[in-house]
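Shared chain: chain A. Partners: chain B in the first complex, chain C in the second.
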Partner chain A sequence: MDTSLMSSPGVMMLFGLSPILALGLGGLLLMLAEAFGRPVVAHALEAQAIGAQPAGPEGQIVDAGAGRAAELALGAAVILFAGAIFSVALWLVGPENVTATERVAPYLLIDRFSVFFSFVVCLGGGIAALLAGGYLPEHRIERGEFFPLLVFCTLGAQALAAAGDLLSLFVALETMSLGVYCLVGLRRTSVRASEAALKYFLLGSFAAALMLFGAALLYGATGRTDLAGIGEAIAGLSGDGLEGRAAQILIALALLIVGLAFKVGAVPFHMWTPDAYEGAPTPTTGFMAVAVKTAAVAVLLRVLLVVFADERLGSWGTGWPPVLATIAVLSMFIANFIAGRQESVKRMLAYSSIAHAGYVFIGVVATSRSVDAQASVLFYLLTYTVSTLGAFGALILAGRYRAEAVSYEDLAGFGRRHPAAALAFSFFLISLAGVPPTAGFFGKLYVFKAAIQGELYWLVVLGLINSVIGAYYYLKVLVFMYMREPKPGAPFATPMRSGYVATALVIAACFVLGLGILPDTALEAAVAAVLGG
Partner chain B sequence: MSPAARAFFEAAPYVAAFVIGALIPRRSSVLERLAVGIVGALSVLALKGLWPDAAAPVTEKADEWPHLLNVVVFMPFVGAIALLFLPRQSPKFLQRFTLTVLGLNFFVSLFLLGATMTRGWHFQYITEWIPSLGIRYHVAIDGVSLWMVLLTTFTTPIAAYVAFGSVRKRIKDLCFAFLLLHGAMLGAFVALDLFLFFVFWELMLIPMLLMIGVWGGLERIKAAYKFFLYTMIGSMMMLAAILYVVWTHYELAGYLTFDYLALSKVTLPRTAAWLCYAGFSLAFLIKVPVFPFHTWLPDAHVQAPTGGSIILAAVLLKLGTYGYIRFCMGMFAGPAAHAATTLAGLVIAMGIFYGALVAWKQDDVKRLVAYSSVAHMGFVMLGVFAATQSGVEGALLQMINHGVSSGALFLLVGVIYDRRHTRMVREFGGLAKVMPVYAAVFILITMSSIGVPGTNGFVGEFMVIMGTFASNHLGAFSHLHGGLAAAGVILAAVYMLSVVQKMFFGPLTNEKNANLSDMNVRESVAMAPLIALVFLIGFFPSLFLNRMSDSVTATLDRYIEGRIAWSQGAGAEGASLRERRGGPLETGYPLPPSSTRAVAAMDGKEAH
Partner chain C sequence: MLETYLPLFLLFVVALVIGGAMFTLGHFVGRKPLGPEQAMPYECGNDTRGGRDVKLTVKFYLTAILFVVFDIEVVFIYPWATLFKSLGWVGFATMSAFIVALGVALVYVWRKGALEWES
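Right after this comes the complex of A and B.
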């Protein structure tokens, strides 16, 4: 690169913010394209013609975006993957060399940590966009606004991971959440989708209010809004100053943990998850399960390790580790046991994502004792992103219009009739179950290794026991696909044909296999991305 | 190795990738095939480029080609991947392809016999895999694993051949499962890096699960779950133990490694040593299986198709005993030695005796053979616990014997099941009149299973009992243990001979049996090598024992050393690292990473 260009602060500023800017500008362009583009008439007519037939529970919607979901999906995917590629470029140059971005600090902190997360959420968003490109036309919900919203949600998730100030944190959180509320309720004629969206919206607003209250308390106790400043102020408290503020700070800590645990979907703040996940269109479900969760964990890490890094708060006697450990254990056990009892695969995957939040929290707890733990959380989130999106993608692939594959029964005999699709599905499930040589296994191994390093042996043993329980219900899908036949006369799943979904699955599969067999590069990246590393 | 041959093997992966790539597209032009082929070759190049730089190469031994094990282990995997692109519509072709790969694999593995099995590792191959966690691709064999590898490559083609005779549906999936399972088993036997071992160990689960669940009997799904979850619980506890040992080694030595050679140098604190030993043993004893973890085995055996049962009995169970010898005795000698007396009592009472008595009461022949496995594996474990030269050698020989004889028994049960679709003893009687060859072969294998002199079973059991009798590891009980084990042999005769009597002799009462055809060509061909091996081992056991004795001595030396150290209080004052001795047993010892790359990764300044 030209040195004079490199030294220009304006250019460097643009470069430093390029992942975020790419998404912001791209999202705006996509919105224009969606608003001013012409609907494809033939498709619209066809959709109407089908709409004249007896309507299914979903109903049909013909709007400005009709017939163009595929193009918009391509656009959104290009934007999101561009965001991911910009993140990689920024990573290779090194965010610490791009000093110009200090001007947006502490509202946005462009460090390796946030760049890593930017890559993960852009990757997740991009794959979700591709999935939507196949899913929405197939299920006649071609709402063009899906794609700009998806891009803006990802932008919110990126900004959330980069937020270094309570104000920007909250704004980013709401940017992400508001979009997701809409994405959940996309199928507006479906009662179930409306219920899901409303439930998610109400509970989500409540959680956001709790977080806001926590933030206000922190501001009251320290007089600062930037996370690092609050951290210093808390560390400086002692004697009388501490006496009056200890309760305030502890309540703020509790409120922030509750709010973020809600976004992560950890037990006991998970009540909305199964309903919202089941009611939402499957690409949205996948997006929620990975990007929203990932960003929430990122901000949780930043809050815990920057704001509440004080050793009085990070200790096992008086701080957050025992709270998070309890959440982790509850999440794993409750979610795994309930997931095993589900009859719907989509709902099972929803519970499985709660259980995975539990594994992630083991890593988060271990950050109080070992440096490696942060890297393990980061790596785990990357592996979890690709495996989960792959699983949801395979579920999408297994369904057709009005015959969405939902229950285990739908998948009976799938392996015999559609070996390739079934193989893909099994592959992602095996990764989620944590069986080598897949990414999921390596992610789990790394988290457990970090926890052993932090001498949290009992958490590791509980986590491993849960892996076995978890294997049961992932296995159940394999059992239905390969070992059972559909009951006579029962409907069975026929895979849809879509290049978008196939591409998304291939991308996810490459990552799952690559991270499982040659994880070294990603591991080094995760190690380099830790906060304060 | 001549330069030409070397160049050939260098180029082979690219050529293979090109050919596979060119075969993938259906109904396409030559140009397209060419393009995809080039993409295939390029992706091999990319993979090679991405692969972390090789660590210090091992000095090459003159008569050992270092890539031989790689070829043996990865041939089935490459075959499995190639198989995915072959047409499902031509099952005959798929079967021939699978048998060719498996047969070729057996042929290649015979070259392993060419090396003189001295103390230490042979055909060792090491390369970096995941340097930032200290994980290496480290494979090697010694006299112990040599026979396990050969047993695997010998049995799987027979099992596949038999399976192709009786299975009619979903041949492609079956071939895929066989190749994947075969590769994973071989990998687990030769891996000396605990991470690598664990990867192969877990990789075996899925194909075996499919084999039981897809082609099994009526209760197949329950059996498949049971098999998977039992094994998974064990392996998860083993994973926890592995991570703990790795971490302890890191704290003592300052660098991460998963290598067996390094980790076996760690002396853990007492409680931790017991717990880690328990984690490892649980995984292996479930696999063997030892009472009370054996309940998955009868279900899995009864439900699995004949081919699956043969592999399960002949190879998969051996992974448990092999793992115990290699890892439990190699890494946790102290706890292993202290638990040996109790465990030996357990395998005698609940394996040899209880297993035999339960087998005696079975109506289903396949279930009977399954329980007889519990009894036979009891003998193997007894020899291992006795930890004398003849005990362990006998145990290893008995592992091969059990592979041969119970594999053959399952095959024979499959023969009758294919004809009558029942395995109940009471359905038969007087079969010797209609199926003379079958009866003769069955009786012969029964003799081998009971351990009649002249057959393989005799040598193994005799050595195990002798080793137990003379063992000073079992303390005051060794004579009692030896005596009881000898008495247990009688029980084997009771249940096997009673089933032979009921099935083959007496009047031919059931009319359905009157017109059964004798063994066909396929079944006879599959049986022939097994029968040959029965007598080969029976008359010339030294062919086998010679190659294993040095390695057994080496294993026992270290075991005894560890036991003495433990009784002198090793580990009572926290963890420590034993000194390195050098010598053949420690070639390929992982060294602390000194390259800049590793340092950069540690302090996080340089991303990549």
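Right after this comes the complex of A and C.
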């Protein structure tokens, strides 16, 4: 650290922002790479041979990104994993040693909390990019825009976890959301995808507006926009000042919770989730279930523990814990019951992600009782990221073009016909169900442990009941894969061949197994990353 | 308090009286529409032709949205320009990065063919 290069404030500033800059610059370059390349389409190649404009089957001009998903996916994955590696490097040096980044504070707070989340969302984004590299060409979705958008969405998620000001919080939230709306509607000719994108967009904008209203009320009540400043101002209120502003602050709290719970997809703000998740291309679904949710929980933690840290607001009598506990219980029960009744595996995974939001919220509620609970939430999100992306990846792997794995019936006999793909699917589902020695087990264990330390026994009991209900529909997939045979003449899923999907699954599997066998390193990191720890 | 808002109140009253008077007088004094000719939609003196629900080509939407995007982004340059000297080199570097990003976006739009009217 004593070399002259590293002591220069400019270089240190760049280093401190390197995870974010890597994605920003990389995204711009990828955008240009996408626009300047030649489309790779069989028809386009023929057209070029006779010197005509490249034209698609219907005589339309082919998009420059068409047919190049493989190379663009590689670019996006390199950028996103580079972001993850920069995050690790920054973590090892220690963000607290990189004092030059204080110049961008409070707009972006480069602390261990945000660096941890930067790593998690970059990892999730990178795996999603690899999955898309296999999925998009297989399913004839010739849109190169996917990859720059994915990088920018991840950038927004990173910035959201690092936001320390109401303004940067909202800008980051929109950066993330706008891209995801497009990613959902990528399959433009599909009615279902358009419905999903429109539904998500309208409800998402509505939630964003509610959040903005909450932010405006907070600014009105305290005259500050930086989260820490608002927190101090609220803590300093007493007597008449408190009388006049208590209602305003409580409404702001409610609006912010609603807006963020919407992004997390927690009951009762989950109505868009199944349709949007089902209509979106599967890699997008995985990305939404993982990075968007993770970043929203990150900012929720920061808002609750920095802005509404005041003991009156953090108490069980007058504050947010009972509200979040209700959301957690509703999310777990409703999502698990509906998930068990789904015919479509993808829809089941969508409901499962709502249920997981419930488990995460148990940890968030427990943060009102102990600081350690934050670490359990962070660790849970890491395990959830790799397990969920693995499950969606396995679902992608299981389906070739026109022989996709949609319903449970499609997967009948899958284990006998394609043992490797079935094994991968089972592995990630077992992790989602929370069976040792997978990451999902330790994720749940630490969240429940934190809740027990916070003496929230009833919440733990409800969580455990739900884990059992959840195991039912995860194991149902296994039952179909290994114990059923397809009905005569019924369609069945055939796995696709793709190095990208296989690589993504190997990466996810390494994390799931690694976190399941040796959770200590990641847990220590999560403990070090807590806010105010 | 009351005196401060008195002019505002008077303004309301005057606006209501004038607006209301015009409508009321028009109702009583004005002539009623004479026939179907006068009740027809007016289109610059020409006969109306074609259906009501004409679809505008999607090009207009694209052009409009591109205009809004770049217009809003250019607005950021104005406050920066007024504070150019006090912001110094940091301000210059920040705005340069912003304009480069804007330039990349423009190049992207151009390469993607969004600026082509005939296609």
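Operating definition for what follows: the second predicted complex is superposed on the first by the 509 of 533 C-alpha atoms of A that agree within 3 Å, B and C clash if a C-alpha of one lies under 4 Å from a C-alpha of the other, contacts with A are read in each partner's own complex, and residues count from 1 in each chain.
Throughout what follows, a residue touches a chain if its C-beta (ideal position, glycine included) is under 8 Å from a C-beta of that chain, and two chains touch if they have at least 3 such contacts.
Just so it is clear, the model here is predicted, and its values are computed rather than measured.
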item: First (chain B), second (chain C), both or neither touched by A:F308; value: neither
item: First, second, both or neither for A:A35, with chain B first and chain C second; value: second
item: Touching partner for A:F414 - first (chain B), second (chain C), both, neither; value: neither
item: Which of chain B and chain C A:F81 touches, first, second, both or neither; value: neither
item: Touching partner for A:Q453 - first (chain B), second (chain C), both, neither; value: first
item: Which of chain B and chain C A:F262 touches, first, second, both or neither; value: neither
item: First (chain B), second (chain C), both or neither touched by A:I430; value: first
item: Contact set on chain A toward chain B in their complex; value: 91-92, 94, 112, 415-416, 419, 430, 435-437, 441, 445-446, 448-449, 452-453, 457, 460-461, 464-465, 467-468, 471-472, 475, 478-479, 482-484, 518-521, 523-525, 527-528, 530, 533
item: Residue ranges of chain A touching chain C (in the complex, touch as defined); value: 28, 31-32, 35-36, 61, 63-64
item: Partner chain A, residues of chain B touching it in the complex; value: 47, 50-52, 88, 129-133, 170, 172-173, 198-199, 202-203, 205-206, 209-210, 213-214, 220-221, 224-225, 228-229, 232-233, 236-237, 239-240, 243-244, 246-247, 601-602, 604-608
item: Contacting residues of chain C [partner chain A, same complex]; value: 101, 104-105, 107-108, 111-113, 119
